[in-house]
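Heads up, the next two complexes both have chain A, just with different partners, chain B and then chain C.
Then we have the complex of A and B:
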């Protein structure tokens, strides 16, 4: 018999996504799925959801084998105080904390002010920062080439936060909708993503990481 | 939202162009691009939409983008009646290529223009990080069925281009 399905060996059938042949057993389907050869439509695949109740950082360390990932962040809530918020990567299990990240973010102020946030030597890819206030962060980010050892790792992101001042009120003039991109400009295998806060511990939030299959 | 793969092409040896087709419904479609890299150094990477599988080279592309540059001030662009969409100049150094997510709207409509939102993250041909966010519209009210990618000169050296249908969106 062929390796998969009820097919004669002589047929020498090669199974692949979009081109499966024969009658497949549940074990065949399991094995082919693990081999990335089973036609199973639905290519936005949830890798992991983490619900935060008390965490300064959120780490995703099982990324799977995808060219493109999508992270969604919902109601990631931090208390008041000076803090930086962004993305760091693990390379072969080691967190990269050096000033080797680059980013360029357009800040669109609800109060009407627009700013450029950019760096060619940051220790994280910026999502936001504040000197004193509280946040509720909502955003998404696409990641490119994380698992490719010969390529740099890139991001694009878009964020809609709520900023709360020290009196506990919504600070519309200090709230910026932001979009932008970043890069870890060194060729390496990135096998983990940290959603990083420099000083504060989140008390709520739901973060989901997806892989975009066959991207 | 779920994604269903409609078409994909991985370039591992040089080709003149890549065409993704298969848009045949009113759903929103998404294209994921990574490592879109040229054979020649310092050339523009281009995109056109396809009508019945053929790239449309008429001067009906309107676009507006914010260029997000890590190394210098940001820039704006707005162009009307162009004959293509320009990703910008890329090169042959490590990762000097385009990574992008493009969402496609109304492409299958024969009575509406074809719209797209776009977010790119690239290294340019000087190895400088540059993002780009914005969108474009093809101002012809006829059905479009995909996208076509090519270089200003020379071939595409590598890249993965995948078209998905968004379901549940």
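Then we have the complex of A and C:
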């Protein structure tokens, strides 16, 4: 019998994603899934989880073969001080730091004030910034077209942070839920994502990058 | 945000005036993730949403409400909202005619198969229109309690679209 499924050895069947043959047992499916040979479209596939204890930036440089990615960021914690926080991309291994990003973000203040944050020439896609306070950042972001050399690379994100003032207390009036989108407005292959901080080193956080299969 | 996505169906079209994704909603899920990637339109146009009823008919009655926050990278944000329309505006806003743009968007669809509930949507899209970036956040509703089995993506009148739509169930 073949390694998987009720098929004769003489058939010399090779199982692969998108091309499974025969009647598969539960054990076959388990083994094929572990071998990445079982056809199962669309699921979120974990690419990498990084746990931060001391890092200014977090880089994901193995993006896999996906058109859509999802990043989740939990309790990404930065000390007090002036800092910008956002997303930069690597193109063919080179970090893009020029002012070629655009973004548009709606800030919804816990204290009641709403603001628009936008730019047509930024050196990163903004997630947040502060002049003096401490952050605990929680957010998710979808990425589109990163590996497509003929398309711009887009993001859309939603953030629920916690801002701590210089007295160590939760600053509700300075905390903004933010949702918005951004683009690296040049058609290129993006092969890496940097979660960027301009000045401060995070002391905690868990960041997970997923690919959406068959996206 | 999705927790686990299960692929249901993919539908592609080239220069179509409507792309219908039939029989993609069923009793197995309450929430669906509908994704449009790499869309291209024949002229500057939006990609709007209509639903398909259990008889396979695209619903174009004035039963849709929507509200959109248009987030522009270069100017003040704008609101677009309307009631009693024949479609939900802008799963992808300003789908561009330039190949490199590759406008993208998603919409979560809630309760489509439940004949006792309205069908709701919420989503986001991102495009570059000329030199300027636009990000849209949308909510919408099909305000008729009936069973919905599919979704149709409709370019603004006068335009056609080349696109792929993927539908996932949210487990």
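Rule of thumb we're sticking to: the second predicted complex is superposed on the first by the 176 of 215 C-alpha atoms of A that agree within 3 Å, B and C clash if a C-alpha of one lies under 4 Å from a C-alpha of the other, contacts with A are read in each partner's own complex, and residues count from 1 in each chain.
Everything that follows uses one rule, which is that contacts are C-beta pairs under 8 Å (C-beta built on N, C-alpha and C of every residue); 3 or more make two chains touch, one makes a residue touch a chain.
The model shown is predicted, which means the values in this text are computed figures rather than measured ones.
Enquirer: Return fit or clash for chain B versus chain C, each positioned on chain A through the superposition.
Expert: With chain A aligned, chain B runs into chain C, so clash.
Enquirer: Should A:105 be classified as contacting the first partner (chain B), the second (chain C), both, or neither?
Expert: After superposition on chain A, A:105 lies in contact with both partners, chain B and chain C.
Enquirer: Looking at the overlay, what does A:170 touch: chain B (first), chain C (second), both, or neither?
Expert: neither
Enquirer: Please work out whether A:185 is in contact with chain B alone, chain C alone, both, or neither, and reply first, second, both or neither.
Expert: both
Enquirer: Pick one for A:213: touches chain B only (first), chain C only (second), both, or neither.
Expert: Both partners, chain B and chain C.
Enquirer: Which partner does A:140 contact after superposing on A: first (chain B), second (chain C), both, neither?
Expert: A:140: touches chain C, not chain B.
Enquirer: Overlap of the chain B and chain C footprints on chain A, residue-wise?
Expert: Comparing the two interfaces on chain A, one with chain B and one with chain C, the shared residues are 41-44, 67-68, 102-106, 116, 118-120, 142, 144-145, 148, 150-152, 154-156, 158, 179-183, 185, 187, 212-215.
Enquirer: Across the complex, what residues on chain A touch chain C?
Expert: 40-44, 67-68, 70, 72, 102-106, 116, 118-120, 140, 142, 144-145, 148, 150-152, 154-156, 158, 179-183, 185, 187, 212-215
Enquirer: In their shared complex, at which residues does chain B touch chain A?
Expert: Residues 1-5, 8, 32, 34-35, 66, 68-71, 73-74, 94-95, 99-101, 119-123, 129-133, 160, 162, 164 of chain B touch chain A in their complex.
Enquirer: Which part of chain A faces chain B closely enough to touch in the complex?
Expert: 18, 41-44, 67-68, 102-106, 116, 118-120, 142, 144-145, 148, 150-152, 154-156, 158, 179-183, 185, 187, 212-215
Enquirer: Can you list the chain C residues touching chain A in their complex?
Expert: Those in contact with chain A are residues 1-8, 10, 35, 37-38, 69, 71-77, 99-102, 104, 106, 124-126, 128, 131-137, 166, 168.
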